[in-house]
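Sharing a structure here in structure tokens format.
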Amino acid sequence: MSGNTIGKIFKITTFGSSHGVALGAVVDGCPAGLELSKKDIQKELDKRRPGTSKVTTSRGETDEVQVLSGIFEGKTDGTPIAAVVYNKDMDSSAYRALRGKPRPGHADYCWETKYEHYDYRGGGRASGRTTIGHVIGGAIAKKLLETLNIKVIAHVTKIGEIESEPVDLIQIEENIEKNAVRCADLKAAKEMEELILDLKEKGDSVGGAVEIIALNVPAGLGEPVFDKLDADIAKVLMGIGSVKGVEIGLGFKSSSLKGSTMNDEFQIDNNGIKTKTNNSGGILGGISDGMPIIARIAVKPTPSISKTQQTVDLEQKENTKIEIKGRHDPCICPRITSVAESSVAIIIVDHLIRSGFIGPCRL
Amino acid sequence: MSGNTIGKIFKITTFGSSHGVALGAVVDGCPAGLELSKKDIQKELDKRRPGTSKVTTSRGETDEVQVLSGIFEGKTDGTPIAAVVYNKDMDSSAYRALRGKPRPGHADYCWETKYEHYDYRGGGRASGRTTIGHVIGGAIAKKLLETLNIKVIAHVTKIGEIESEPVDLIQIEENIEKNAVRCADLKAAKEMEELILDLKEKGDSVGGAVEIIALNVPAGLGEPVFDKLDADIAKVLMGIGSVKGVEIGLGFKSSSLKGSTMNDEFQIDNNGIKTKTNNSGGILGGISDGMPIIARIAVKPTPSISKTQQTVDLEQKENTKIEIKGRHDPCICPRITSVAESSVAIIIVDHLIRSGFIGPCRL
Amino acid sequence: MSGNTIGKIFKITTFGSSHGVALGAVVDGCPAGLELSKKDIQKELDKRRPGTSKVTTSRGETDEVQVLSGIFEGKTDGTPIAAVVYNKDMDSSAYRALRGKPRPGHADYCWETKYEHYDYRGGGRASGRTTIGHVIGGAIAKKLLETLNIKVIAHVTKIGEIESEPVDLIQIEENIEKNAVRCADLKAAKEMEELILDLKEKGDSVGGAVEIIALNVPAGLGEPVFDKLDADIAKVLMGIGSVKGVEIGLGFKSSSLKGSTMNDEFQIDNNGIKTKTNNSGGILGGISDGMPIIARIAVKPTPSISKTQQTVDLEQKENTKIEIKGRHDPCICPRITSVAESSVAIIIVDHLIRSGFIGPCRL
Amino acid sequence: MSGNTIGKIFKITTFGSSHGVALGAVVDGCPAGLELSKKDIQKELDKRRPGTSKVTTSRGETDEVQVLSGIFEGKTDGTPIAAVVYNKDMDSSAYRALRGKPRPGHADYCWETKYEHYDYRGGGRASGRTTIGHVIGGAIAKKLLETLNIKVIAHVTKIGEIESEPVDLIQIEENIEKNAVRCADLKAAKEMEELILDLKEKGDSVGGAVEIIALNVPAGLGEPVFDKLDADIAKVLMGIGSVKGVEIGLGFKSSSLKGSTMNDEFQIDNNGIKTKTNNSGGILGGISDGMPIIARIAVKPTPSISKTQQTVDLEQKENTKIEIKGRHDPCICPRITSVAESSVAIIIVDHLIRSGFIGPCRL
């Protein structure tokens, strides 16, 4: 059943697969009057593009976007914005040996049970390449957020056992551009990079964690009881391939605390009402409270590894072994940052329109 | 904007508030032909009912349900099932002193910014009492799951710093009925109960964690790329009041692992294809793989504590202090289990119909 | 599959059946701050109530509404408004003879094929009584429309072969209150009433037409290309039981015209831009143009007639005959006016919020 | 707000405008396993293509479709099918004179009020060219219908005052291919063609009516009380540009009838249960009854005429006059047939999946 649309008013419908003709998205519900060019979208796609550093896959895609509709005289016109990226550097040869032998940790087997076939060429629609659609939507969302001075930043906080030390908010944005891992703690970043390269060489992969921060989100976003802001953020983040956990604010740490320690007390001064602490991560009762929104995701290690693994030959109905060749990211965390930013940006824009902070028809 | 409906085909719309006339739910999309009585719903409501043990609030509600529609000659008839619970034991007196003074950790302030008022009487619609709607929906979902032998069980795995030891699956269901905390590790359960009572006496509260297990879910549920099964589970669980984190399978632990350790290898025998391990928690690429589905939630400590807290007088626009009297659960974990079960049951039923395992019109 | 909700943002979910416990609606998405009382809803329900004149059914329902949620201190609070009407005067005895023998022109047979049963007691959910839900939603919609000075009026323009002469807009509202048929042409009204009573006596029924006018609707409502204003109006009106046709503006007459006759030319004066004529019925390209919105519906004769009719005995699988006793409206047109008004009011409110004319959270 | 998607499970999202880069659709929710090629879509697009006869516009588009996703090894794979048609023969020159002067009968003025701009180049997204998206969706829907032997046929029944005589069902499909007007009554077709050409020469246009017939639709489709089959058909048809009325079965004629004349009596024989007549047009209580579904639409005359018309200069805020040059269909009816067929096919497929006649995941 259809499940390729996210958002209730700002709606992103994505399409395309790893080794098909093209991937893309249709963004319906963007108000008219937003300055938007192909460049705005390309900029974000370039962040998630493969092949830009040693820690990512070597698949050589330029991922050039083409905008098909929705822009008139340099501005959005209120109609759906369709944008596509044609696949170029597809090499299905490495996958042929894997046909009919589902890769552990991948969706191959599940797609087979659901659709009675699966695209053995790089996971098809289950590939991380489908996040091109997320990023197209996210690029447009970010342009809308800019008009309200809202910013969404994602940075890597953990790779394997290596955790980053806390870094000042203003430093984070700057520092993540200085290293391939997109970690704000530059010392940890170096260790992380070494770990990734070491595991890559060993034919293995590694997991990690990413934090997403949304700044200047106004209080009042979120629609209880089911479409709460944190609920929608949890959905979009958990839906990104390889994500196995989502936290808001203190997250799992809050399970150890007492109310007297966890509660964020309110205080008022000339700048208005704020909480003293932000243990709740900017969301209370599913509605934003005006503090920075903080989410964290657990990212599992890339399931594509070249070590020998046991699996099943679906046709012969017998146990067998595989080694995955292809080209893969030994750690998905650095590239997932742009997808996570985009995903959260889409949800916030959807809720800004749903709550009346952005007009539904025009800016 | 409207946000009180969950599910795409099996749709639960809930209504009502803590101190209003009644709470309830309309369940649209339940196939005809399911045997269903008031008793089936009452049974589940009794599990979440307040006042049943020392560790819960003393609000004395019988929470008797009345079914208004959707059942004909003992079976669902394919039309919407509406069910209501009238509020009885409402005591707003304790809340009057809190009027205009938002409680830390609660949604009061956020509702004020969003709606320019908030129901100071026990949180209004932001109260945990609104989960009566979840449980009505969940009760009907569970009856549908029974026809496929699918079971959803939630148990408390952590209160404060106390963690339960792993317990055999078959034992879990039995053990949680033996203690007020609904923890399957009976030794830990005793310590947890003591901790809760101790903090209650001190006017404080405590957080915890709950694990939800869904057994016998067939492979093939979940609609990539946005309506993945884990994404929808994450949404519904994060949307429960007080939940600050959601994990699937190994969850945050997977962020420390290598691919060679994390991947669940496939194997085939006479019983079909299974994975050797279940690190992924029964979901790969957003689609169920036939293994038990495992989710975990982090529950923050109840924000209602009787210790003095700092807040703001919204009318006087000045800092002030409050002490919350009322009747509250010192720890929400034991009662959240039934809500979590219901929430996951609703999502699984929605996806069973979406994927064709249950017919949309009749059983 | 679920189909009991109308509206994308202002969402009405209805439930209940002709001979069940109760009927009602949940209205989700009504902004906070609207003055609303039980009386506002009762007033509209009284308009559609049966048994108020010789031309309607004699079923004696007071249709007293109870509001369960969504109102706080006399105003809507932004949470779902649930309202119910308990069935009182149910007499299923007359229907027993019809069990298993689907009535011609009714939905009985279709429900049997779809759900493998049907509620033989007055049509169950297929009964006109389910429009109580429409009217609850409509009553709240009309209160919102009042804040923008928008008015929706429905009047009977045709019963059988008798057509009403055009009446001045200001006269329509007044005149329809003066006769049981709700026809603005008082002379035609008298003839219509006589025709209905004559056919009632003969055990027959008659069809007719109803015109719905919405005044002061601002230009700019409607979301091409699928959620056009006229498309949504057509859906909600065609969905009312017994409606077999919907027209906007000149409707089917436009099929005979030339462009030079049909086009409404624009002109500007001190009051702004208006069209000289209103052949388009206030909607162009699916978007309102600021002129009165005019829709017309064709209403088929009530299928319940006491004349002998041929049908099938579903159990014996043989042809048989029935005579329908029960209590029925010999012509549904007079009572359908309130349902049609409510239905159009709901759609207009939904689009007013969708287009930003009414804020989604609060007035 | 977003409104470019139709269908609840079989979802078509369309994009693009008359003079933009491209137009297209994303079809989400098509089950896997359907044989589908570019040719299947091209065939349907060729039917609505402009420039194929004297009675249509001379815009010379080949409308060649490119399929971007959703087909794997010759079959649908369960993922979204994206298809695009690039605009080629765009000539905006004729429209420049019309800038800021909304054309009577067109959506220009309404878009201006809604979005504070409008695409003066051929109506932009309000152009009939956007129905390329409908036809892409319809082509895929028709392939699904073929697997159940369901057929949707549209034919012109009226142009201006000329009405076609009834033609045998089996003859309709054959005859409409024999004339440019797509009218099954060949004598009337000739008169219609002459009328159209005569009015074209005079710089005028003319309206008409189209009947849509769906054969072999099983009983049981439609989701009361709001998502009834006729309600959804009414929505999709009324949403096609220029449509001002929709009828099911006898439609407006039923408003003149008595119950004893209108009701379709049931009878049973060896072929099962059928109604003797089909006055209801195959739908009772919003659910299909197994008889042919019959709908009719009123199509207004093309608003683009070259006769002088009065309008307003939006910038100068004064009355002015325009003559529309461009290339237009003097009568939209012949080309609207393929759009109407596609639209109804989409709705039927959506309901077939919603009701379980087609599996949601795979054929």
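By written order: A, B, C and D. Residues from 1 in each chain.
Here is the rule we go by: a contact is a pair of C-beta atoms (placed from the backbone, for glycine too) under 8 Å apart; a residue touches a chain by one contact, two chains touch by 3 or more.
Just so it is clear, the structure is predicted and the values come from calculations on it, not from any experiment.
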| item | value |
| --- | --- |
| Higher-contact pair (C-beta pairs counted), B-C versus C-D | C-D |
| Of all other chains, the one whose Cα centre sits farthest from chain D | B |
| Chain A and chain C: spacing of chain centres that average the CA atoms, whole Å | 46 |
| Chain C and chain D, separation of their C-alpha mean positions in angstrom | 26 |
| Distance between chain centroids, defined by C-alpha means - chain B, chain C (Å) | 39 |
| Contacts with 2+ other chains: residues of chain C | 1-5, 9, 14, 111, 114, 125, 220, 354-355, 360-361 |
| List of chain C residues in touch with chain B within their complex | 1-5, 7, 9-11, 13-17, 20-24, 26, 28-29, 32-33, 66-70, 72-73, 75, 77-82, 84, 111, 114-117, 119, 124-125, 353, 360-362 |
| Parts of chain A lying in touch with chain C, wherever the complex brings them together | 9, 220, 354-356, 359-361 |
| Of chain D, residues touching chain C in the complex | 1-6, 8-9, 14, 102, 104-107, 109-111, 113-114, 123, 125-126, 130, 133, 158, 160-161, 199, 204-209, 218-220, 222-228, 230-239, 241, 244-268, 273, 275-276, 280-281, 284-290, 298-305, 307, 309-312, 317-319, 354-355 |
